[in-house]
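Below: a set of structures, written as structure tokens.
Heads up, the next two complexes both have chain A, just with different partners, chain B and then chain C.
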Partner chain A sequence: MKVVTSNFITCAVKDCKSFPLHFRDAKLELQELDFQAEFIQNIIPRLDWDKLQITANELGFSNISDTKPNDDALNNEQILRDLHKLLLEVQIMEGKLICGDCGHEYMIKEGIANFLLPSHLGL
Partner chain B sequence: MSRPEDVLPPDLFYNDNESRKYTTSSRIRNIQSDMTHRALELLDLKSPSLILDLGCGSGLSGEILSSLPGEEGGPHTWIGMDISPSMLDVALQRDVEGDLLLADIGQGVPFRPGSFDAAISISAIQWLCNAETSDVSSEGRLRRFFEGLYACLRRGGRAVCQFYPKNDAQRSMISAAAMHAGFGAGILEDDPGTKNSKLYLVLTVGGGGLKGDITGVVQGMDEVDVLDARKRAIQNKTSSSKKGDKAWIMRKKDQMERKGKVVKATSKYTGRKRRPAF
Partner chain C sequence: MEFLIRFAQAHETFRQPEIEALASLAGYKVDFLYYDKFSPYAVVKLPDEAAARAVISRSILAKDIFSLWGQATNYDDLHANVRRRTSHLWKDLKQVSFRFTVDAFAGKHTAEETRDIIQSFAYVGFEGPVRLKNPDEQFWVCEEYISDVEAPRSTRSAEPMPQLTRPKRIFLGRWLAHGSRDIMGKYDLKKRKFISTTSMDAELTLITANMAHAAPGKLFYDPFVGTGSFCVAAAHFGALNMGSDIDARSFKGKDPATVGNNKQVRDVRTGRSIGLLSNFEQYGIASKYVDAFTSDLTNTPIRVGQFLDGIVCDPPYGVREGLRVLGTRDGRGTEEVLIDGVPAHYLPGYIAPKKPYGFEAMQNDILTFASRTLVTDGRLCMWMPTSNDEVELVIPMHPDLEIVSVSVQPFNNWSRRLITYRRLPEGQVSDVSLGRQKYDAQGNYADDLNEFRRKYFTKNEKKLAKEQEKTHDE
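Right after this comes the complex of A and B.
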């Protein structure tokens, strides 16, 4: 699971839908991908920066800036490259995603999070 | 040919063996790639985007999304959802670039509002028409799916879902569910009437007006006939005749004749008013 996904995914439980989910016992891996400045520029306005900071801190990346890059920073290649690395190249291979509200745990195995719910929670 | 939907639920049908067969069959791969390219054409994305792949399976369509050349708007980043663990396992072995989730799209689409630029789904949503246990219904599954999808697409975003409906009832059930969720919905049919006929449900969020939906999407495409039921309804309304006038009588006589009833011949007096005697 990538960090970019964790910035968009919510709890799947019917009456919860809270955001963000918190990583626990995460094992990370770096998977190199081609850098595309355009994609990062496209995605920045949609990121929830406060929640991204929380996630990054949980995963041990504390060097993330306090504010969302804007104006000039959007064309600064180094900033975009750092974001690319954090959002797309870092993979959470094993661990758990935990909902802060309802406490539901989603297991992550081999990089795939299990969002299947028993029917009393999902319907 | 039997329909896999009638055999088993998707998570059981696509076991290790079926998933491998599905992914290695060159016939299926060709069809999937054609359909993905068609769907991309309908999505009309101009720059690298974040795409949701519903029922991504082993990543056959995702592979095309991440390898799309720059001049066609790519390469895109995608997040795939699928209910079959075996399919996802094959995707892992094939080292796809997208992010994968094991999830049932019939339970909803758990993303923040406005997360995605577009969504794509190849040969998946007909599975939603099957309710495998007594506590779920196909209508409920379709409703949760389309409501979740509507919420997580950004305004002006599009979703293209290629699907194989079993019959016309399923086809209208799916498009009605999409419209209920708030989508502008239309169906594009490739090679209609043949064995290779392919249906694409084109869903639009916002945009407004007639041009904001599928009629706007296919504008400028070659060899596409637009059959707009709404336009026909508007035309019918204006030309519909009042009860009792000549056009109405002629229509009724036609109807009766078709039913095989004996109908008086039509003359110049048909439908004319009788003048008062004095």
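Right after this comes the complex of A and C.
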């Protein structure tokens, strides 16, 4: 599970849909990837920056900027590289994603998050 | 300007939509001036040579593109046409090295005939050397005959029908660029590490990626990812990919070293990747892999918001792979189950209950999902099977999505279609009055819910019964 994905994921329970989910007991790995500036430039406008800050802080990346990069910052290579690392290269290999509202826990095992729900959760 | 395209004679109904998709991706408008489903040659109008090269470079179904130097139904007219169109270009080509190729579709020539055909163009006055390997310029004489696919012979006589012996159309083209047909070999399923019975072949996944406008910087998602064939194809063209599946085993694969230990994803000791990711690694495109996760489309965790550039999917048909969503068939399981005080669904090895899913419901859910998550002009490419006895094909529609193209791959008693949709800008609505107004039959079992499955199997049973009757008669 990567950080970029967590910015597009809510609680799967129909009546809840709380966002963002919170990482707990997260075991992180860093995997270096080819730098893809174009992708970062495209995805920035689609990110929920406030929620990304919450996630980043929870994972211990507290140096994320307070405001969403725009205009000149979108062409600043260092800013793009830092975001590339946070969004795509940090992998959450083990742990849980916890819903802040309904408390449901989603397991992450070996990099794969499981969002299937048990039948009593109003299917 | 007019250009000649030489297509492969494969997946005929995909050829024009692929070229149109690639033209719109590159920002050009393409017009087909001549197209015949029986012919490999087509004439298109594009703004200039740069556009022609850009459009063809990614095409899987086009082999080459040429500047059109002439077209006619016989050689006298062709020569006149070539003189009229190109005589002003000849002097610049006087000294270049060149070669001529005669490409006869559904016809053939002896070496002498071929030489005579080439010699008949001597009036262009090229004085440069003829070079068969890597010439500066290549010219192709393309002849199109009536093939016996187009005009099946009624009698079994050895003499070809007279109209089959003369070409019905001849083109002269100056070669510009190749398509991308050669990459089909690179992505051949036979050489891929991780596949399953329902993996789609390289050719069709690459075409799908072209129709969906996969390109660098874009984010793609496949809600029925399986072994990730579409992801790999979209990644080849530069898009980044997420995928999910209701059954994690389909994208994880089995790792023989750790089966039974609930650790089949990535062995910590060997560091081996899950199946899906190993495919990306095999092709050197691991940086295009974003994520795979376990989820169900009817209870998707993906948030509403326009952030996907493309959605590509081949949803299960319910024939080889069952159609399933979360839930229970008989409405049981509405209470939380505790084992030793711990909710059962948090225990290792818990399997969420699933129930059969309606075929129409699934397709409508995909369209609704796409309308909520695609960016404006983002594309949805969805494969859909139909049994051949369906009287009138009705395509699923959604007011936010415009149908761009529908292509068909026919099989014996069923066929599947690739439907490409475009997400309309907010405020624009597509006409859905002709759309599918059908809903699934009611029921709890797969055969009740899935009309395609029912037709597919009843037909086979009928056929079987017929064959048995036959053997009885004999």
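Convention: the second predicted complex is superposed on the first by the 122 of 123 C-alpha atoms of A that agree within 3 Å, B and C clash if a C-alpha of one lies under 4 Å from a C-alpha of the other, contacts with A are read in each partner's own complex, and residues count from 1 in each chain.
Methods note: a residue touches a chain if its C-beta (ideal position, glycine included) is under 8 Å from a C-beta of that chain, and two chains touch if they have at least 3 such contacts.
Remember, it's a predicted structure, so these values are computed and weren't measured experimentally.
Annotation: superposed three-chain arrangement on chain A; chain B versus chain C shows a clash.
In the superposition on chain A, contact is made by A:F19 with both chain B and chain C. Of the two partner chains placed by superposition, chain B and chain C are both touched by A:K2. By the document's definition of touching, both partners, chain B and chain C, reach A:R46.
Once chain A of one complex is fitted onto chain A of the other, the partner contacts of A:E105 are limited to chain C, with no touch recorded for chain B. Contacts of A:F115 after superposition: both chain B and chain C are touched.
The residues of chain A shared by its contacts with chain B and with chain C are 1-2, 4-5, 8-12, 14, 17, 19, 33-34, 36, 38-39, 42-43, 46, 48, 88, 110-117, 119, 123. Across the complex, chain B is touched by residues 1-2, 4-5, 8-12, 14, 17, 19, 33-34, 36, 38-39, 42-43, 46, 48, 88, 110-117, 119, 122-123 of chain A. Chain contact summary for the complex, chain C toward chain A: residues 216-219, 240, 242, 244, 246, 248, 252, 262-263, 265-266, 268, 274, 286-287, 290-296, 299-303, 305-307, 309, 326-328, 332-337, 343-346, 350, 352-353, 375.
Only residues 1-2, 4-5, 8-14, 17, 19, 33-34, 36, 38-39, 41-43, 46, 48, 88, 93, 105-107, 109-120, 123 of chain A touch chain C when the two sit together in their complex.
Those residues of chain B that touch chain A in the complex are listed here as 47-50, 75-77, 79, 81, 83, 88, 92, 97, 99-104, 107-108, 110-112, 114-117, 133, 135-136, 140, 144, 152, 154.
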